[in-house]
Amino acid sequence: MIDKRVASAAAAVADIADGSSIMIGGFGEAGSPVELLHALIDQGAKDLTVISNNTGSGEVGLAALLKARRVRKVVCSFPKSANSTVFPDLYREGFTELELVPQGTLAERIRAGGAGVHAFYTPTAVGTPLAEGKESRVFDDREFVLEYGLRADVALIKGRAADTHGNVVYNKTARNFAPPMAMAAATTIVQVQETCEPGGLDPETVVTPGIFVDRVVAVAEPAHESALVAAGASYP
Amino acid sequence: MSGTTQAAGWTREDMARRLAEDIPDGAYVNLGIGIPELVARFVPDDRTLIYHTENGLLGMGPSPDDGDGDPELINAGKRQVTALPGAAYFHHADSFAMIRGGHLDLSVLGALQVAASGDLANWSTGEPGAIPAVGGAMDLVAGVKNVFVITQHTTRDGKPKLVESCSYPLTGRGVVDRVYTDLAVVDITAEGFRLVELAPGLDLEFVQHRTGAPLLPPIAEQEATTS
Amino acid sequence: MIDKRVASAAAAVADIADGSSIMIGGFGEAGSPVELLHALIDQGAKDLTVISNNTGSGEVGLAALLKARRVRKVVCSFPKSANSTVFPDLYREGFTELELVPQGTLAERIRAGGAGVHAFYTPTAVGTPLAEGKESRVFDDREFVLEYGLRADVALIKGRAADTHGNVVYNKTARNFAPPMAMAAATTIVQVQETCEPGGLDPETVVTPGIFVDRVVAVAEPAHESALVAAGASYP
Amino acid sequence: MSGTTQAAGWTREDMARRLAEDIPDGAYVNLGIGIPELVARFVPDDRTLIYHTENGLLGMGPSPDDGDGDPELINAGKRQVTALPGAAYFHHADSFAMIRGGHLDLSVLGALQVAASGDLANWSTGEPGAIPAVGGAMDLVAGVKNVFVITQHTTRDGKPKLVESCSYPLTGRGVVDRVYTDLAVVDITAEGFRLVELAPGLDLEFVQHRTGAPLLPPIAEQEATTS
């Protein structure tokens, strides 16, 4: 009997070690696994490397994890937010390092990591500061930068529904980074609003096959980051 | 100078309308945040464009009515949007495969500077202490078939944004095809900036004066002069 | 008004030029676009390069295109079939050249071609004859082969249903190579059993977004290759 | 030689059953065409395996009842199969991302030859005039976490298939973890072939005689001897 459900967000993140690399799904608040992030704050793991498109907003979710001084490095395309100074403050202080990666290169590096592609040549960022110090090569009169696949110890992602085998479907643009991240992490943990038995999802419409998912946590009514921020919430 | 009033030229809406005229029916288009977003309002009624938002949606529609939105249906500017009939959702790696793979017809972006070579700087002023943030701009300019820039012709303090060479960090090298400003429409050609159209009441000299590199006359005019 | 439907398979393939490179979907008979292939035979284009996992069975579909001596090269992972000698005969005769590519490398090269990734490093085929003459490189003590993205002039694929914008869904394992091929061809032509208006497909379940599709042809009751072969059919 | 009868050893079913014993509950498994497919029949009832077929399905089930099949629901051997509850379909690039990316726990393959170093040859005899065809074998051995080979110990004319060095073209270098034959279960170790288990009634000498490279005794036995 395969059943990847775990009882709580706390149980799902319990074994995340200090120094882990963690991919965190979401683009802005869409797809941000707020409850898993809060459980990770409670759990206490520190010296983390976070791979995520953004750095969170307000003082909840990812921004709260940063604010708790658990993250020493972020690999990110857009670490700014209209309503959060958490990351900028840590960055200027020198506590949290930044590896800035173009958004598409970030997505492709994660996908490559999950797909066993060690490295690839991309036209993105050629001639810009983000290609400086990187290997480049000309093919057919066009220059390309060599970028490397990216893997992580853990991925924390958010779906709409999952079955007990770990097959996942998403909600609208909350899908964003979750499918490639699920492929690229040694342990993938997904929070979903609904879980079901095998057969509860149409095999034609599964977005992330269960082979990429290790733990499923039901969070029936996940918080929306924007609502928490609007309410002035701060975690913990 | 043939004109001296600072008020001369197109409004932002005029610029967006002028750019919209140049987008063919059926095009797949990615509009950047800010002025580029205005373009969608001015697309002629007889054309259907399909909007791509790089966070994972083709067939993006306008903002929802108040209360009808879903915080998980947003655009690249993180604002709530809608999905039109015929839309499709996909993940980020697939979305940027569309961008990098040359499947989008047009990317419309803002700019800090555009060079005569088509170099674009639009993500960082390189200020020490600023938080660098790039998002998808470098991917868009590297991959999309046509890159149009929409921007004021000069900075707030009157410095040209169309320059010989960008002083700000680049977003991409030789990537811009055409620039729509409040003063003119300008093509990037092998010879550099070439005027396509002037805002009403302006002449080439006026715009040249506000441009940081030579501005060639329109092809037709040049031909007329040399023939 | 966007409407990518064309009236017939013949109209859909009418402009395919001699010398074109053509990706053809399908793994065995599942997903093989039989009607588009037959229309291409009728159309007459020759000196084609075909990129496809197999080389067809019997004397119908892809095997019939080969038998009509229209194909000078196949890029393929498994050019053998229990019930067809068409390709083996042409290969031994020297009429049709073969570029043998491991199946996963073939899929990844096509995906890379469609995704604007010029080349990538893969562990597949290292130390084998299929890596001979190819550039290789050691990263982290493991050897990888450099493989290049693959594009084509045309892709001929088969879906289950499509809307007028070209969004496509598939049937079971007939999906196989079609989604990456749709991305990698300048002109992608899909035959489907049903077409519908925009809104007829759930945007969460679209597999190939319309941006990758140029022409949609309705073939309500497509032939199954195995049934044709069992009936001893030969095209034309 | 301690045994002379050619009939000695395991049947194909015995081999498949023995291999099936070694697959843990919940494993994601890809079974090659031929003898490897037999393995599915012998998985102990208390274990659930999830079968991957590289043409695009996880959660593959057995062949359909006559007349219930769909010609578009097939396995890598192009035979009709079924999809079990919890299945998922995906395209080829995603399917081989699973394989290459190390997500599958086990690949079971046939072999022409296995070398003491773990090299595998299973796709071509290199005969001139033969049509080369590789399919997904090279991807599977390069990517899947564990590679088990199931094969007769010798060729029909009695030549060893477990050899010092493969004479046939390789499928992969140093990729095989364990071999299940009609005579024995053999691990590939840093020291070469090491016996894990003998078929009933056989001894090491008998199997060594039919093996083209040194066959080390089982670890436990060796320890017993040396302690």
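Letters A, B, C and D name the chains as they come in the text, with residue numbers starting at 1 for each one.
One rule holds for everything that comes next: a contact is a pair of C-beta atoms (placed from the backbone, for glycine too) under 8 Å apart; a residue touches a chain by one contact, two chains touch by 3 or more.
Owing to the predicted nature of the structure, the values given are computational and were not obtained by experimental measurement.
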Shortest chain-hopping distance from chain B out to chain D: 2
For chain A paired with chain B, centre-to-centre distance based on mean C-alpha positions, whole Å: 30
Please work out the Cα centroid separation of chain A and chain D, and write it as a whole number of Å. 36
Touching two or more other chains, which residues of chain A qualify? 108, 111, 115-117, 122-123, 170, 172, 204
Contacts with two or more other chains occur in chain D at residues 57, 83, 89-90, 93, 96-97, 99-100, 142-143
Which chain pairs touch, all of them: A-B, A-C, A-D, B-C, C-D
Partner chain A, residues of chain D touching it in the complex: 26, 28, 48, 50, 52, 57-59, 83-90, 93-94, 96-104, 142-143
Chain A touches which residues of chain C in the complex? 108, 112, 115-123, 139, 142, 144, 169-170, 172, 202, 204-205
Chain C contacts chain D in the complex at 27-31, 53, 77-80, 87-88, 91-92, 98, 100-105, 107-108, 110-111, 122-130, 170-180, 207, 224-227
Which residues of chain D touch chain C once you look at their complex with the stated criterion? 53-57, 70-74, 78, 83, 89-93, 95-97, 99-100, 119, 124, 129, 131-139, 142-143, 169-173
Chain C - residues contacting chain B, complex: 1-2, 111, 113-117, 163-165, 167, 183, 197-199, 201, 203-204, 206, 209-212
